[in-house]
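Please see the structure below; I have some questions.
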Amino acid sequence: MLKVAVVGASGYTGVELLRILHGHPEVGVTCVTSEQSAGKRISDIFPSLRGRYDQALENLEPVRVAEKADLIFTALPHKAAMEVVPTFLKLKKRVVDLSADYRLQDAGEYEKWYEPHMSPALLKKAVYGIPELRREKVAGAALVANPGCYPTSIVLGLAPLLRKKLLDPATIIADSKSGVSGAGRSAKVDNLYCEVNDGFKAYGVGGVHRHIPEIEQELSLLAGEKLTISFTPHLVPMDRGILSTIYARPVKKVTVEQLVSLYSEFYHGEAFVRVLPLGQFPSTSFVRGSNFCDIGLTVDQRTGRVIVVSAIDNLVKGASGQAVQNMNVMYGFPENLGLEGLALFP
Amino acid sequence: MLKVAVVGASGYTGVELLRILHGHPEVGVTCVTSEQSAGKRISDIFPSLRGRYDQALENLEPVRVAEKADLIFTALPHKAAMEVVPTFLKLKKRVVDLSADYRLQDAGEYEKWYEPHMSPALLKKAVYGIPELRREKVAGAALVANPGCYPTSIVLGLAPLLRKKLLDPATIIADSKSGVSGAGRSAKVDNLYCEVNDGFKAYGVGGVHRHIPEIEQELSLLAGEKLTISFTPHLVPMDRGILSTIYARPVKKVTVEQLVSLYSEFYHGEAFVRVLPLGQFPSTSFVRGSNFCDIGLTVDQRTGRVIVVSAIDNLVKGASGQAVQNMNVMYGFPENLGLEGLALFP
Amino acid sequence: MLKVAVVGASGYTGVELLRILHGHPEVGVTCVTSEQSAGKRISDIFPSLRGRYDQALENLEPVRVAEKADLIFTALPHKAAMEVVPTFLKLKKRVVDLSADYRLQDAGEYEKWYEPHMSPALLKKAVYGIPELRREKVAGAALVANPGCYPTSIVLGLAPLLRKKLLDPATIIADSKSGVSGAGRSAKVDNLYCEVNDGFKAYGVGGVHRHIPEIEQELSLLAGEKLTISFTPHLVPMDRGILSTIYARPVKKVTVEQLVSLYSEFYHGEAFVRVLPLGQFPSTSFVRGSNFCDIGLTVDQRTGRVIVVSAIDNLVKGASGQAVQNMNVMYGFPENLGLEGLALFP
Amino acid sequence: MLKVAVVGASGYTGVELLRILHGHPEVGVTCVTSEQSAGKRISDIFPSLRGRYDQALENLEPVRVAEKADLIFTALPHKAAMEVVPTFLKLKKRVVDLSADYRLQDAGEYEKWYEPHMSPALLKKAVYGIPELRREKVAGAALVANPGCYPTSIVLGLAPLLRKKLLDPATIIADSKSGVSGAGRSAKVDNLYCEVNDGFKAYGVGGVHRHIPEIEQELSLLAGEKLTISFTPHLVPMDRGILSTIYARPVKKVTVEQLVSLYSEFYHGEAFVRVLPLGQFPSTSFVRGSNFCDIGLTVDQRTGRVIVVSAIDNLVKGASGQAVQNMNVMYGFPENLGLEGLALFP
């Protein structure tokens, strides 16, 4: 049995990791940490876990954590992650990092969007963990940078078209919408129920959201050339889910049928990407709580634009589920082990 | 592998059965029926199932269904169930019926609250399936009447106190609140999003809800005497969940500590009933999607009343999860098999 | 034109006062204060007000506020109110206080549920402002204690029966449900969107909520004898609204028809209490944003209990709307002036 | 006092008209009709109206309606409107039609997107009623075609840029999101609470939504040339509100400051369009229940695209509020009369 630690267990990605790992037959959770709630039982923070995870939350002392676990999930805010990940690696532990700290290959980009990087040398070793696109590298990685939620929805949504060089790279617009859990569990007026409920807004408008460099890095790799996109995130009054509506001009005329078969082929055999039949489009409702990415495709006959709509659960395929999927790849478990839970609908 | 059929698969309890059974290692779903959507793929009705359940929905022809399955879950409206259940039994199939048709032992009561019963003889054979209270009878039953959602929350909430004869039976008031999925999936103006969202109301006020005879039957059996309760259901703007706040006068003074230890003992070893520590009370959020019943207890020092608060997911412990739990008992599977999914929070 | 100040304008009752007063033809808002946001425009805090209220928020300096206004609404937390109200009164200003500080007549009760009172002498002068029950006293008051939201729903719900001494006072149970805005606008994890959405819970279970002494004070006055109730508040995933389901035993048999006519008579001519026709029950949806209190009535034939269901908008009739209604009474304006807004449905 | 009729009063735009008109001092509602609910009191359909509108709903007999009213609001589905509007006009009544029937100038376009038009001659006489753009024509119109909700948000959002010919007309993409009330009040499974709640989806993807010809007609008039857009509507789990995120390439470099001042000038003096300060973007929460259109502006420095975000309440500025605004213009009332209600927040 693989011993794993969940570092940062009192946030939403932390509790989601525990929920998923409870159904994984090859894993035991040997350590959970939380700076804010150390000493308390994890089930007093999240009563959903009562009777199944009742252990006490520990302070984050990297050496002690490393003694208890072989694989460490770091579900920390950016910066907090890079303060401990190097220690874990030095102690020969493997890490799946859910923060943004090891997603960008270029330390300069990281500094531009975040702050100076504390362990830039690790950026070259980290593997950006979208198993559908980089399975072999994930398998051998010591450090997997688990992708952001918005990037996952957009990168999976565009990969087939970009690999085939079918899009004009200057025309990509991704209009994305997220549930509120993406904002985390810290106490801010902006995320109070009454501030969010029954309303809808854009935020980070104008190309300023920190997921942009990550999205462009991955899309550029797929396209084989540097590209720039317009990306606008929005806040939906719901707990979970991301839906991205992506617009781009094809370099040559393409039909919907061609799109659907291109995508179906590209993702053939993938356990977690569902290319929807012609005329169907995804809803976050149908991936809620599951590790699926659902993709719907069309061509706007009047303007010639390709439109891709992709949906994921931001806490599962956009975070903790993909982290477990990466773990499965790293340890040679069946990739869907513990991840077969279907969406909770309604 | 046990072959099961889900009759009435296009409703919310139907899709929930399929979601749960997908994680059950000993079961194969060999037949799904729907009168409204026969011929369509179940995954076109519920895209959450795509890639895992893509079979076509069939018309409900009892003999054909019985040929395909050993155990049949009937997730039908009342009356529709009793039109087919006798056939299944005659063909030596076992049935877990999620409708109200076999829950009342007395055909006269059924007629009073519903309509004339079509197979009154079966009422004596049917076992009202709350495994925590009637495990042995369920194990041997050919026909299990799966309890209603409100009754499950109230009966589990009061069982220890009633068995011990600690309550004045004339003083019980159950004020219950349910999510909207309890109203089913039929197209009615009353259940439209805009009619329900951001509002709260009582319905069936004044002792007229059809779950009352079922609740009183079970509470009376526990108390060893016929009792009558006040029960008011309410509609909460959420998908799932029932929370019942239950008031009663004890026959003698009782402390909170005594209550908690009485309940902890009564439910000791139960996989799905969690008696909360002193001072904690349940939320439907922490049972959403899971088979748990969470129970919180207190005594109002100022009035002497005992207050029990119980919470379940109406589609899981209140319907499909309890149905699978009953199935596990009937077939000797571990009672929690396929039912270990923790609540989706947030 | 009456000059009014809104002290504590950056909370939910503050912005609701401004929303309502914008439609009041006899009033000008000459001063808005906020400790947290002094110096900012109120419309930068609440963009709903942009173009109509763009003035800057001031620090709360009581003498300066009193110079600018004749009537002061104090929309502050308890304790903060009693730190400034005496100054306002000394300066011959009239006050409608939306906090709990002047609602209890007995300083000892205040201390028991809150803390030592700083101006106990004012408790005798303050008028508990439910205009439907105490219109003349409100008219002449210098200090009106604006009732709490839960108490408003319960007191209006029981007044006719208690005045007529038709209830056994030992049998009253009020099971109340509130929207989230009742918890205020401070940044707490418990009130985050994801903690509340799609869930339902009880809180303050067991007779410990601070509205209890206020409810019992008013009910006792109505009944002409000291009484004690069971009261359980619950949190509903919606912005606004309180619905109270109230159970009690009548001292003699009573029919629904008698109840409806008793209430219709008692509230005859009232602008804001709507006694629903026989068989109808209220929903918070139909009072959302309005100053109405809707009341539905029945008798449980099986148990003999009377059931009253009352609904208000906690921010309007339960706070800011009732405050403006009190102002109208105090200044001889038509009682419904500025308060005729119908519920926003859907 | 102006006598008005609301034809189709049992839908959401109907009840919203009544809510708004209740606060209008110059108007009396003399007739309300509903095919489905004729004979019932309007307050039994919408209890929010109780005590203020208790009149009976009538069948829609155009001649009788015309006898009772001078101005008729037709809040009917498309086709149903054009079956009665010609009669009202023949009887010298003025009409504000909230359906789609008279919005397109070209009967061929109407037939292409809807069906053959029954009174094409009226299309030339009808005035597309966005008062901000066409105030004088509305003032003199006998028939005002009240704009659709999506078109209102997009046309007001782009008008200043298009009038100034600052955009490349081939690059416009409008990604719009709507609350559920836009789908109307008919009983469909798709609009049930549990189908919509806590989820998000696109619909009408690929340039097939019927609001497209209307949007393009108005944008083309503003631009002075025929243009084509990409438009994708989405469904947000909230009752009310539309937010449109609009992307386009400017024909020459433009700064955010220039945008804000262009818009501020263009909408100077308008009662209901609020151009937000630099760096602020709208939320539907802050227009909920009000007649405002809030507009936020930016330029994506990295891609050079202009991004406009506009928000309205689909039932107010997107339907009934704009209808009353048009009425005010038609009858020479102050344009904001009865429309000063601020957003209900929270």
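The letters A, B, C and D name the chains in turn, as written, and every chain counts its residues from 1.
FYI, a contact is a pair of C-beta atoms (placed from the backbone, for glycine too) under 8 Å apart; a residue touches a chain by one contact, two chains touch by 3 or more.
The model shown is predicted, which means the values in this text are computed figures rather than measured ones.
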Graph separation of subunit A and subunit C (steps between touching chains): 1
Chain pair showing more contacts of the two, B-D and C-D: C-D
Centroid spacing, where centroids are CA-atom means, of subunit A and subunit D in whole angstrom: 38
Intercentroid distance (Cα basis), subunit D paired with subunit B, Å: 45
Cα-centroid distance, subunit C relative to subunit D, in whole angstrom: 36
Subunit C: positions in contact with at least two other chains: 12, 181, 194-195, 197-198, 237-240, 282-283, 285-286, 288, 346
Subunit D-facing residues of subunit A, complex: 173, 175, 177, 179, 194-195, 197-203, 205-207, 212, 228-230, 232, 234, 236-241, 243, 245, 247, 256, 281-286, 288, 296, 298-303, 305, 307, 309, 311, 346
Residues of subunit A touching subunit B in the complex: 12, 15, 18-19, 22-23, 46-52, 181, 197-198, 239-240, 274, 276, 280, 282-283, 285-290, 292, 294, 340-346
Of subunit B, residues touching subunit D in the complex: 12, 180-181, 185-189, 191-198, 237-239
